[in-house]
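These notes open a run of structures that come right after.
Shared between the two complexes below is chain A, which has chain B as its partner in the first and chain C in the second.
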Partner chain A sequence: MKKSFVIKRILYAVFIFFVVLTLNFFIPRIGIDDPAERYYPPQGGMSDIEYEIIKQITREQYGFHVSTWQQYLNYLEDLSQFNLGVSLRSGSPRVSALIGERLPWTLVLSVTTLIISLFIGVLIGTVAAWKRGRWQDTLLLNASTISVALPAFFIALMLSFYLGFELELFPAYTNPNMVAQFDWSWEAIRVVANNAALPVISMAIGGIVGYGQNTRNSVIAVTNEDFILTARAKGLKQNTILYKHTLRNAMLPIVTSLGMSISGLIGGAIIIEQIFNWSGMGTLFLEANSTGDYPLMMGIMLFLSTFAIIANLVTELFYVVLDPRVTVGEKR
Partner chain B sequence: MSETLDKKTIFQRIGKNVLKRLKRIGEFLGKLWKHPKGRIGLIVVTILVILAVFAPWIAPYDPYDVTQRAAKGLPPSWQHPLGTTITTGQDILSMLIYGTRVSLLIGVSTGIILAFLGAIMGIMAGYIGGFVDSAIMRVVDVMLVIPTLPLIIVLTGLFGRNYFVIVFVFVAFGWTGLARVVRSLVLVLKNSNYVKAAELAGASRWHIMMRHILPGTSHLLIMNTALTSAGIMVAEAGLSFLGLGDPTAISWGKMLADAQGGGALLFGAWWWIIAPGLGIFFAVFGFMRIGIVMEEIFNPRMKASSGIYKLFKNLNNQYVEEVFASMDERKLLTGDVKPEPAESG
Partner chain C sequence: MKRKIALLSLVVVLAGCLTACGAGDYARRTDDTNTMYVGVVQASFPTAFMPWLSREGIAPTIASTVYNTLFSYDDETGNFDGIIGKDWYYVDADGEPILTDEGRIDYERLEAEFANRNHLAVKVILHDNVTWSDGTPLTASDVFYTYDLATNNYLSNHAGALAWTADLRHGYDQNTGARTRLGLFYYGNRHEHTYDIPEEDKDTVLYMHVNTVLGAVTSLFTTILIIPRHIWEPVVCRENQLNARDPSGELLDCYCNPIGSGPYTLDTERSGSSMIVLNRREDYHLTDDDGGPLYKVDTIKFMLYQELNVAIYALMKGHIDVLHSSISSNYIRLFDDREDIFVSNAEGVYVQTLVLNVNPIESERNPIRDLLGDVDFRRAIALAIDPDELIEQVANGAAYRTSAGLMRERMEDFYNPDANILAGDQEEKLEEANEILDGIVPEKDAQGYRLLDGQRISYDILGHPHEQELISFLQIQMQKIGIEVNYAAKGSQPENTFLYTSRFDMTIHGVIFSLANVDIMYNAHFVQLGRTSNYGRLQDDALRTGIREMRNTLNLHRKYELIIELQPVIAEQYYKIPLYTSNVISIARTDRYTGWQVVPGSTAYNSDSLQNVQRVGED
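Let's look at the complex of A and B:
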C-alpha cells in the first residue's frame, strides 16, 4: 500500500470532517438567531429594561453575545478540547458526558444486532447460494420481499405485543431501573439481556435477510469465477471449495461494509429505542428534540457523523489491505 | 405563410408528441401487466391510488370524528370491518383509507422530485466533469456521513412540521445515491458515438445533456422513482411514528404511534396495530414490485433479487445511497449496459 494513498485518504477524511462540523454549526442557526427570545419569551410584569438584561445574560450564557464568526471560532476551540458544549437541561450537564452515559447502551443493542444478523445472514445466504434455484433460495427471496415491506418499528410493535404482552416471554418495555441499578453482576447482565431481546430481534430481522441476500449474491458471483472451476477440476472437496475458496472471497465486500453499517445502526435505532423505552442515544436525541435542546442534538449529530467518517476511512484502508486486486486510486 | 397555419402545425406537433408519449406509457404498462410479479404490483398500486383519490366516498365513516364514545375499542365486525380505536372510537378502516393519501402523496412526489434532482446533478457531474464533478461528488461524500434520520428530525424541528418541509428534506438528502449512479452511467454515454456526433455537429452542452444523455438515463430514473417511493413511504411512516409528521393529517405512521400511545398493546387491541402495518406493507410491496419488475424489463440480465438487495440498503438507513450499487462502474465500463440511442427531435 502506498503511503501517499493513506495520507491522501486521511486528509480527505479531515476535510469532510470540517465540512460536517461547519454544517453542524450553522444548521441550528438557520432557525434560531437569538436563543434569548426562543428560550425566554417576554413575560408579563417585566419591564423592557429587565427583559433586555435577561436576554443579555442568556446570550452570554450560550455564547451568542459575539459575532457569528467569533462564535464559530469559539466552537472550533471548544471542539479541539473535545468539548461539545453544554446541554440546556437543568444542571447544565456537558453534552459529551450525556453521550458517554448513553452510548454503551446503544452499542449493546447495535453490536448484538450486527453480530446476530451477520452470522445468521451469512449462513442463510451461503445455503441459498449453494442451493441456487431450490426452495431454500426461493424462501430467502420471499422472506426478503416481505421483510423489506415491513418496517422494523412495525415488527417491533408486533413483537412487543405478542411476545411481550400476550406471552410475557420478554419485557415489552425496558425497566427504567435497569440502567441505574446496573452493577456488572450476573443478575444485572441477565436483566439487560432479557430487556434487549425484543429490540435486538426486531432490528435483526431486516439485517439477517439483508446480509443473507448480500451474501447470496456475492457467493454466486464468486462461484462463477474461473478459480472455482479450477478447484473443482482439481477434485477438491466441496467443503474446502466452499470455505477456503468461495466464502473467503465472497465475504470481502460484506466485512468491509461492517463499519458503515454499525454507524448506520447507531443512528437508526432511534425508533426502536423509543418503542422499547431503551435509554440509548436515540432516546437521548428524541428527548433533546422535544425540549429544543440544540447543543445536545448537534453534539449527537457530530458524534455520529465523526463515527461514520472514521468507519469509512478504516473501511477504505482495510479494503486495500485485504484485496490486493484493488489498485490504489481506482476505488473512489 | 399565415399565422393560423403556423398555430395549426404547432398544435399538431404537440398532439403528436403527447400521443407518442401516451402510447409509450401504454406499452410500458402492458409490459408490466404481462409480467406476473408486475401485475400484482400494478393491481396493488391502482387500488391504493383509487382509495387515495376517492377516500371521502369510499370511507364508511368520518375518520376525524372523535366523538363516538359508544363505539370505543370495538373489535373487527361487519359494522366496523377493522374495528375502532380504544381512545376515541374512530373507525380504523376509514383512517386507513385516508392514510393512503399521505403515504402516496409523500412517497410519489418525493420519488419524482428526487429523480429530477438526482438526474440533473448526476448528468452535470458526469458530462461537464472537472470542477462541477468534484464539487458535486464532495457534496455527496459529506451527505453520506451525516446521519439522515437525526438530521431530518432537526430540520423538521427548525422549519416546521408540514409536508412541504418533509418532502423537501427527503429530497435534499436523498438525491446523492441516484446522482452517483447516473454519473457513472453518463460517463459511459459520454463516449458513445451519437454524443460524439452531436458534439461535432456543434450542439450546445445543455442541448446534449437534455436531448441526448437524459433519455439514455431515463430507465434508471423511472426505476429509481418506484423504488425510492417505496423507501420514502417507510421513512415517512417512521417520522410520523415519532410524532414528527404533519400533526393535522391522518397517516399510517401516526396511527401506529397513536396505537402505541393509546395503550393498544396493553389492552390487546391488535387490530389497531395490524391495520396500519398492513397498509404500509401493501403500499411498499406494490411499489417495490413495480420497481423490481421494471428493472427486469429494462435490464433482463439482472437477477430478480438484486432489486430487493438494493432496497435493503435503502431502508437500512443508508438511504438511497447505493440504491443501484450492484451496477457498479466496472460493469458499466465493460459494456454490460448498452446505452439506448436517443431519439433526435
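Let's look at the complex of A and C:
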C-alpha cells in the first residue's frame, strides 16, 4: 500500500471531520436565537424587567450569552478535552455517558443483524448466481423486489403483531427490565437474545436480500471473466472454481457495501428501535429530537459522524489491500 | 471436515433459534397484587428526578405523585383545595384575616383597603400531620425554604422557578446571592418581622407578601412543589446549585432518591429508563372519608412504549391496565366488541382555533393580507366554517363545538352564552358570509374565487402534517365563499420562523382559557405584542382595557363579571376563530380494576381514578 495514499486519505478524513464538527455546531443553532424564549415563555405576573433577568440567566445557562464565534471556540475547547457536554434532561447527565449506556445495546442489534445478513445473504446470492435463471435465482429476485416495496418498519410492525402479540412466539417488544437486570449470566443473555429476535429479523430481512442481490450480481460478473473460463478449461472442480476463484474476486463490491453498513452500525434503526422499545442509539436520538435536547443531538451526531468517517477510512484502506489497482487514480 | 463444520453451524443456528424463541415476560398477567400497570407512550423516562422537573412527558405526573404543592386549583369552582396547605386567607398589617362573617374572603374590604398598596399579605396554614417519605414532619420551615430557594437563582439556577414566584415579593440579587427583599415570614425568621406567630403554630403558619393582583397566589400555591429542607439545604450551595448543569455525586444522589410528601414514593430499586415504579405511602396525611387510604392502588408501574400502536395492542392483549396517552378517535372501533376495555371519551380542554394575521408588521403587509384586518371580512370567514360537519368529518365525532368567546360551556358559572355568536343554521350563515364578501370583494375569477385588484384572494394556513386533514376541510369551506386557502408546513420552530415575524396569513393554534390562567393568557393572546401567543398582533382598546381591569381588580366578583363580559368582546373580534375541542380518548382494561373516572382533559389514568378504582373480585 502506498504511504502517500494512506496519508492523503487520513488528511481527507480529518478535513471531513472538521467540516462535520463545524456543521454540527451551527446547524442546531438555526432558529434557536434565544433559548430563554423557547424554554421559558412569559408566565406569572412577571414584569418585563423580571422576564429579561430570567432570559439572561437562561442564556448563561445554555452558553448563549457570548457571541456565536466565542460559543464555537468554547465548543472546540470542550471537544479537545473529549467533553461532549451535558444533556438538558433532568439530572444533567453527560452526553458521553448517555451514549455509552445506549451504544452496546445498539451494537447487539446491529452486529447480530450484520452477521446474519452477511452470512445468509452471501450464501443465497452465491447459490442464485450459480443457479442463474433457475428457481433459486427467481426467488431471490422476487424477494428483492418485495423487500424494496416493504419498508423495514412495516415488516417490524407486522412481525410484532403476528409473531409477538398474536402467536406469542417472541416478545412483541422489549422487556422493560432487560437492561436494568442484565448481569452477564446465561439467563440474562437468553433474555437479550429472546428480546432481540424480532428486531433482528425485521432488520435482517432487508440486509439478507441486499447482500444476496449484491453477491449474485458480483458473482455473475466474475463468472463471465476469462480466468474463470480458463479455470473451467483446466478442468478444476466446481467448488474450487467457486470458492477459490469466483468468490474471492467477487468480494470487492461486498466489502464496499459491508463498509457502508459498518459506518451505519451505531446509528441504530430509529423506527425499529422505537417499535420494539429497544433502548439504543436510535431511540436516544429520537428522545433528543423530541425534547429539543440539542447538546445531546449534537453529541450523537458528532459521534455517529466520527464513527462513519473512521469506518469509511478503514474500508478504503482495506479496499487497497484487496485490490491494489484502487490507487491507480492517485498522482504518481 | 466440511460436514463437521456444517453440522456445527446447524447446531449453533438451532441453539440460537431455541434461545431466541419464547413469548415475552408480561408480568401483569400473573400479578395478583394490587399493582396497576400504566402504559405511557413517549421517547424515554427520566432516571434522575430534580424536584422541579420539566413539564414534558411523564415528568409532571411523577413529580405530582412524589411531591405535593400547597393547594390544587378547582377550575370549575375557582377554589383552592388543600393538600399540604389546610387553609389560607388575605390578612391585614396585623396579620388579621380579611374575612366576611361567613368566613369567606372579604373581597370588598380587600379592594377598599389594599387596591393602592404595593402588596397583599397572605397567611397560609398547613396541615399539622404532613410528613416526608423519610418520616420527618413537613413544617412551615420547608415551605419557607422552597419559596426562598425558588426566588434565589444564585442557588437554584432554575429560571422556571423564578417565573413561578414572580408575584412573590421576596427576592435575591442574581449576581451576589444577597437578599434584596423579604416577603416570606415564618417562626424561624420572627426576629425579621412583626407577624405574631405563636409557638404552637410555629410549624404550621407562614405569611407571604404578593403583588396586588388576585391571580398572584395561583402559581405559588399550585405550581411549586414543596421540597424537604433537611435534604436539600445541606447539599445546595453556589457550587452545587439545585438545578446544576453538572451535578455532583451527592446532588445526583438526591435527584435519584427523591424524598417527597406526596402519596407515593419512587421505588429506586425497580425503576429504570423503561419502567418507573411508585409505591403508596401508608402514612400519607390525606385519607378518604372512611379514614382509609385516599389512593386505592398499592403500586403503580409506568411502562414505557415508544410506539402508540404497540401500546394499544399491549393493552388489548393484557400487558397493561391503562394507557396514559390519548389516542385518535380512529381507534375507537377497535374496542367496539371488547367488554373488557373501558373507553374514556373525556371532554377536552384545548380549543383548536384558526388564528388570522390581523395586524402584520409593516414589512409583511400586502393588500390581500390586509383584508384580514377588516373585522367584517373575518366574520365572513368565521361564518363559512361549519363546525358540526368539521367535528363529524375531521374529529370523527369525538369533539364538541366551542363558543366564539373561547370559554368552555362546562364552566357554567363563567361561560357567557351571548358570546356564542357563530351558532345557527349553516346555510343562512353561508349566505350571510357571501353577502358580506360581496360588499368587500365582489369580483370573482372563472373558478369562482374572489379577486382583489385582479389577483385571486388566496391564503396559506400554517399547520403541522397531522393538521392537513383539518386544513383540507377548511379549504372546502372557504371555497364556498370564494376564498382559496392552502396548507403550508409550520416546521419545527414556527414561532421564530413565521409567527413572531408576522410571516403568515393564518395558522392553527390550540388555546386553553380557564379561571386559573386568564390573568396571564388573556393578556398573552389578545394584548401583548412581540413574542407572545398574540401571533396576529390584535390590538383592540376595549379588549385591552377590559383585560387590564380584570387582571388588576381585587374584587373577585368583579373579576368574574369581567371574564363573562369579555367573552363577547373576544368573540366579536373573529380573530381566533373556534374550530372544535377534541375529546381526550383513552383506554383501560376492566378485568383487574373497575371504577375508572372520566375527567375533562385527562386520560383514564388520573388522580380521580386512583382514588376510586376497585380491584375486581374485592369488595
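Keep in mind that, in the parts below, the second predicted complex is superposed on the first by the 322 of 332 C-alpha atoms of A that agree within 3 Å, B and C clash if a C-alpha of one lies under 4 Å from a C-alpha of the other, contacts with A are read in each partner's own complex, and residues count from 1 in each chain.
One rule holds for everything that comes next: a contact is a pair of C-beta atoms (placed from the backbone, for glycine too) under 8 Å apart; a residue touches a chain by one contact, two chains touch by 3 or more.
These numbers were taken from a predicted model, which means no experiment stands behind them.
On the shared subunit chain A, the superposed partners chain B and chain C overlap sterically. In the superposition on chain A, contact is made by A:172 with both chain B and chain C.
Look at A:241: by the touch rule set out above, it reaches neither chain B nor chain C. Of the two partner chains, chain C is the only one that A:279 touches; chain B does not reach it. In the superposition on chain A, A:160 makes contact with both chain B and chain C. Of the two partner chains placed around the shared chain by superposition, neither chain B nor chain C is touched by A:258.
In the superposition on chain A, contact of A:107 is made with neither chain B nor chain C. With both structures placed on the common chain, the touch criterion links A:214 to chain B but leaves chain C unconnected. Look at A:228: by the touch rule set out above, it reaches neither chain B nor chain C. Look at A:317: by the touch rule set out above, it reaches neither chain B nor chain C. Of the stretches 62-70, 152-160, 188-196 or 332-340 listed for chain C, only 332-340 runs into chain B once the two complexes are overlaid on chain A. Touched by chain B in one complex and by chain C in the other are residues 31-32, 157, 160-161, 164-165, 172, 274-275, 286 of chain A.
Note for the complex: chain A touches chain C at residues 31-33, 36-47, 50-51, 53-55, 57-58, 61, 86, 89-93, 157, 160-161, 164-165, 168-180, 189-191, 193-197, 273-277, 279, 283-284, 286-287, 290-291. On the side of chain C, the complex with chain A involves touching residues 16, 19-25, 42-44, 46-50, 53-54, 56-57, 59, 153, 157, 159-160, 162-167, 174, 211, 213, 215-216, 219, 244-247, 252, 255-256, 272-275, 303-307, 309-310, 313-314, 317, 492-493, 495-497, 519-520, 524, 528, 531-532, 551. Against chain B, in their complex, chain A makes its touches with residues 16, 19-20, 23, 27-28, 30-32, 141, 144-146, 148-151, 153-154, 157-158, 160-161, 164-166, 172, 206-207, 209-210, 213-214, 216-217, 260-261, 263-265, 267-268, 270-271, 274-275, 285-286, 289, 292, 294, 297-298, 300-301, 304-305, 308-309, 312.
Across the complex, chain A is touched by residues 138, 141-142, 144-151, 153-155, 157-159, 230, 234, 237-238, 241-242, 256, 259-260, 264-266, 268, 270, 273-274, 276-277, 280-282, 284-285, 288, 303-306, 308-309, 311-313, 315-318, 326 of chain B.
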